[in-house]
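To keep things simple, chains are lettered A, B, C and D as they appear, and every chain counts its residues starting from 1.
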Amino acid sequence: MMKRIRIRLMAAGMATILPLALWSGNAAAQAKEIVLGAMLPLTGSAAQIGLEEQNGIQFATDKVNAAGGIRGYKIRIVYEDTQGKPDLGVLAFNRLVDLHQVSGIFTAYSSVTLATAPLATRKKVFVLNPAAQTSKLATASPYLVNTISLAKDEVSIIAKYAAEKLGKKAAVYYDSGSVGIDLRDEFKTAFLAAGGTIVADEAVEFGNTNLRPTLLKIAAAKPDFVFMAATTGPGVTGDQISQIPDYPTAIGTSFFAPFKNYPVTVYHTLVKSSVTGETEKEFNAKFKTPDMAFFSREYANASQIMFKVIDYLLEKGRPVTGENLRTALFEVKTFDTPNGKISFDTNTARREVEIHKLTPAGRTVVEKIAH
Amino acid sequence: MALSTNFLVGIIGIFSVSQAALMGVGAYAYAGVAMAGMPFPVALLAAVTLCALLNTVTSLPALRLAGDYFVITSFGLQFIATAVFVNWVQVTGGSTGIAAIPAPRMLGISFEEPQYFVILSSLALALASLAYTLLMRSSYGRVLHAVRLNELAAGAAGRNVLKMKLGVSAVSGIYAGLAGALYAIFMSYIDPSSFEIQQSIVILTMLVIGGARTLAGSLIGPLLLLAIPQVLSLVHIAPELLGPTRALVFGALLVVFMLWRPQGIAGRKI
Amino acid sequence: MQLILQLVLDGIVHGCALGLIAMTFSYIYVTTGIFHVAHAGILTLGGYLAWYFTGVGVPFPVAVAIAVAGSAAVGVLIQKGVYEPLMKRRSTPLVQLIASIGIVAVIQNLLAIVFSPNVLQFEMLPWRKSSLHLGSLDISYPQLLTVIVSLVAALGLLLFSSRTALGRRARAVASNRSFAEIARLRPYDVYVYVVAIGAGLVAIPGIFLGVDQALQPYSSLGLLLTAVIAMIAGGVGSLPGAFLVALVLGVLQNLVLAMVPGRWSQALTFAIFITFILMRPTGLFRIRMQRAS
Amino acid sequence: MNPNVITSGGTFVESPGVRTQAPTALLVVEGLTKNFGGFRVLDATTFSLPEGQVTCLVGPNGAGKTTAFDCITGFLKSDAGSIRLRGDELIGLGRSDIVRRGVARSFQNLRLFEEMSVVDNVIVCLADETGNDPLTAVFRPFYSAAVLRRKREKALAILEQVELAHKAEDHVTQISFGQQKLLCIARVLATDAKLLLLDEPTSGLSATALDNMVKVIGRLSASGKTLLVVEHNTRIVRDIADRIVFMHQGRVLAEGDPQTVLDRSDLVEIYFGGGH
């Protein structure tokens, strides 16, 4: 506790000193600059993803600044590291809002986004979420807008597909993490609604690598297929499935892709994410990457949406506040992106979802569904 | 928080690694009661009482068992607590945690704003430190000290050693509960990962480095440990390895301090 | 029925690995009196060493030997570098325990930094996915190896402790340390041997669990905790007791999984243990507690 | 086991009923038995302590003297027998309860509270329990401080009795061994017990410290305390003892006035020859 209090004291100390210092120095520059925040897992176990996300945002930002900014205003992004931990996320959010006075924030990671959503409501800060998928984000805050499909959308698509094509008897395999439990609940609801029955419902301890007993119980229930919702090392799951005789066909969502080493047929959803070939080439040249990663694409595209909303506000001569950013998004409503037109009827974008069939032989897209 | 473990480790010689879990109980209790719309003092009281009770009950094994067994028991309790936080979804929100925990509102001031929270937590810290000092200076504190130094002699002096130990557990529970409630208020969000065993080890490290059994120790430790991430940021390390590096430094510090200065910087013998 | 049998079989495999951990921990604890939490770190280290050497092309059996030797060496380092100075200074068990906790943190995080914090697999061993069919039951080769090697190692440790001169010296030291010092049994040398043997042997479950499932830097503490429970329930000081209870625990944990949702199983084990330890602190097989103090 | 049965070899045992003395017995120990593993350390030990007298417990090493102390004060659970303080059974009571009933002890190896001052060592042992709870300490700080002051004065008065008041503020590790032993007496006194069990209060003392200790013990006795003292030095025993209980191999071989017991050649043989 002492640690927390200390952090707080230090943060507060800086909060009083820093703005004064910055104010005198930056007064001139401030006039022509808009500061946005990004709270990403830049260190820790999810750092790889966090860096991809950072590259995506920075790429889009550099591009718009190189073209003269948005109506003369340069964009500056302040990055805060959350390590993917909600408690650090809250600290990061407070720093961005209290210290850097940002009115718009890019977020990442379900737990971080959920933890900070009430703060967004309280402090009226616009939060754009291009990556976190937990279904609770749909209603977490009126100031939170999701540019990616949430888990429940993907789950309902795959559940409906499975009920039609694979059979009516399902098993659920999930881990005790929050995403695993949420997905289990959502799948159950969706699949029962589609007329199916659940014959087995088994969890593995989060982080445990001895999956056999659980996998055995799933196979013993003899379902038509099993919904797989556990994150423990994808390779480990595949390996241990290969030692279980008669393991059923698996289905899942993009969250648990790539279903590495699975010896059985897998059907899973994937949110379609594309950028123009030109963008991809530019990006790879800039960051020396072989290809533009999924999260880089999503964050680059989401940045475009953010910039468009800011542009709209500037055009109308309204101040860039969290409240205004939010209303402006719904006023613009439909955005042209490399993924086609994305529109916001609710806080969550409508996106195209593909169903992939994965056999040991290879991958095929079996269906494309817009929801 | 360090204050709470200091009490337990230093003063009475019981070593508990489940302090983070206890703090978690305090945080969840506060959140639960506050979210049900109860006023701040009620929620705080609930957190503190629950922790005091729980710590007393779970300290019972320590009174029957030798020290090493107690360590295992408290490791076990830590695991159980985490399992409860994760699985008792109706109350704890499971791994998702509880968001939007209301900040106290008193005398028309909402302690949501950082500056007010600093006042609140400084006040709490000051009160907790004052209580600690009063406690240790009183004749009760002297008896506690005696129990730690020589349990048999304290028994021979007519002191009820069992009662003393239970008393310490309760007091240490109160501190943990207070810490948990403040944490919940400050973060406005809690989830099981904040109260895991690693957190317990960090708390222990703070304590060991600052020095057990003194007030100064419980204040110095956290301050120094906070500096470590700052220092690390000066060295170039791959971002995904920062977490392990931090933990590595903490571990190494524990070993080094045990080898060369087991009493910590400002502590007394443990 | 088929499911239950298969679960029991898997439980036996897990129990054997657990048993060796419990036995080695018990051996070190009884002799040196140190609550060697860092044993968990060595368990993990063994697996990673074998993974590394197999990865660079060393034949698997040789890699295992290197890993065992390497772990033993690290054990010696810990005993000589940390425990021995602490013991000579007559520091309290609490200080020794905290130091040991520090060592686990160092080993685990060092492994995470060197080998990445992610789950690693023995991709280079294709046979790890094949299995043997015993009627309707399946046992994978790594599982089979786990059982055989653990049993051999456990038996070896028992024979060593009772039949060799060094083993008997270790038991003498365990039973009375101050006497051992007077009787010129040179307890500190004995400690080094005991810790080295314990560390070398505990690498074995670390390696084979790793081959069978996967390696991760932070998971070993839970395993060690279960092993310690086995040691206490089996009666501190009784090596076969520790192994047997661990075996039972392994099977029980698997069977419990068949009855209750998996997410409660670990908590359940600890809850049972805490109740047990309150009722019967001396363990199942020993009436008198033989604590090294 | 019937305590009055005289076991073989114990031909000198007198059952407690035989010797009825003028002062009433404060403590009566009957048939006290304690086994360690297979070894019988106390074997139907029976003796009584007359009120107001100094009784010395003598016997060779391993006779079971300290074990008897441990059983009387609740530090060990006895296997059989009874220990009655003015007719009230003490067996089964907790250590602190026994102290509160008026039986307190010192330890052979002192067991001082190191790291604490001399006066604090006494304060901790005071019978007065007021202020010994956390709530008072925190919520009534001024009252708590007043209690502490009062206890300090009481402790200083007790230190005065053993002539240690001038060392009150010293750390216990800074005072001499003789003074540490005196401090042990002061701690026992602080409990307000009627019956004081002193385990080798004179062992290891220099000649002057020894004289001093004998004086202190005499003063305690004069002030009406009943004492049971483990003592090896027969000269001192003759000096301080009103009565002697002679133990060997867990049994009481003789009980009576110092002169008669110490002059018996068979006992002297056991004491100086048979012991080691």
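Here is the rule we go by: a residue touches a chain if its C-beta (ideal position, glycine included) is under 8 Å from a C-beta of that chain, and two chains touch if they have at least 3 such contacts.
Here the structure is a predicted model, which means the values were calculated and not measured.
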Count of contact steps on the shortest path from chain C to chain D: 2
Chain centroid nearest the full-protein CA centroid: B
Distance between the centres, which are taken as Cα means, of chain C and chain B, whole angstrom: 30
Chain centre separation in whole Å, for chain B relative to chain A (CA means): 34
Inter-centroid spacing, chain C versus chain A (mean Cα positions, whole Å): 40
Chain A and chain D: spacing of chain centres that average the CA atoms, whole Å: 75
Two or more partner chains touched - positions in chain C: 117, 263, 266
Touching two or more other chains - residues of chain D: none
Touching two or more other chains - residues of chain A: 45, 176
Overall pattern in which the protein chains touch one another (line/ring/star/complete/other): other
Set of all touching chain pairs, with the criterion as stated earlier: A-B, A-C, B-C, B-D
Contact footprint of chain C on chain B as seen in their complex: 9, 13, 15, 60-61, 64-69, 71-73, 75-77, 79-80, 83-84, 86-87, 197, 201, 204, 208, 240-241, 243-245, 247-248, 250-256, 258-259, 262, 270
Contacting residues of chain C [partner chain A, same complex]: 2-3, 6-7, 10, 14, 117-119, 121, 123, 128-129, 131, 138, 140, 213-214, 216, 218-219, 254, 257-258, 261-263, 265-266
Contact set on chain A toward chain B in their complex: 1-12, 15, 42-45, 47-48, 50-51, 81, 83, 85-87, 90, 94, 98, 111, 114-119, 121-122, 134, 136, 140, 176-179, 181-182, 206
Touching residues on chain A, where the partner in the complex is chain C: 45, 176, 201-205, 207-214, 216-217, 220, 232-233, 235-236, 239-240, 242-245
Residue ranges of chain B touching chain A (in the complex, touch as defined): 1-4, 23, 86-87, 89, 94-97, 99-100, 112, 114-115, 117-118, 121-122, 125, 178-180, 182-183, 186-189, 191, 193-194, 202, 206, 218-219, 221-223, 225-226, 238-240, 242-243
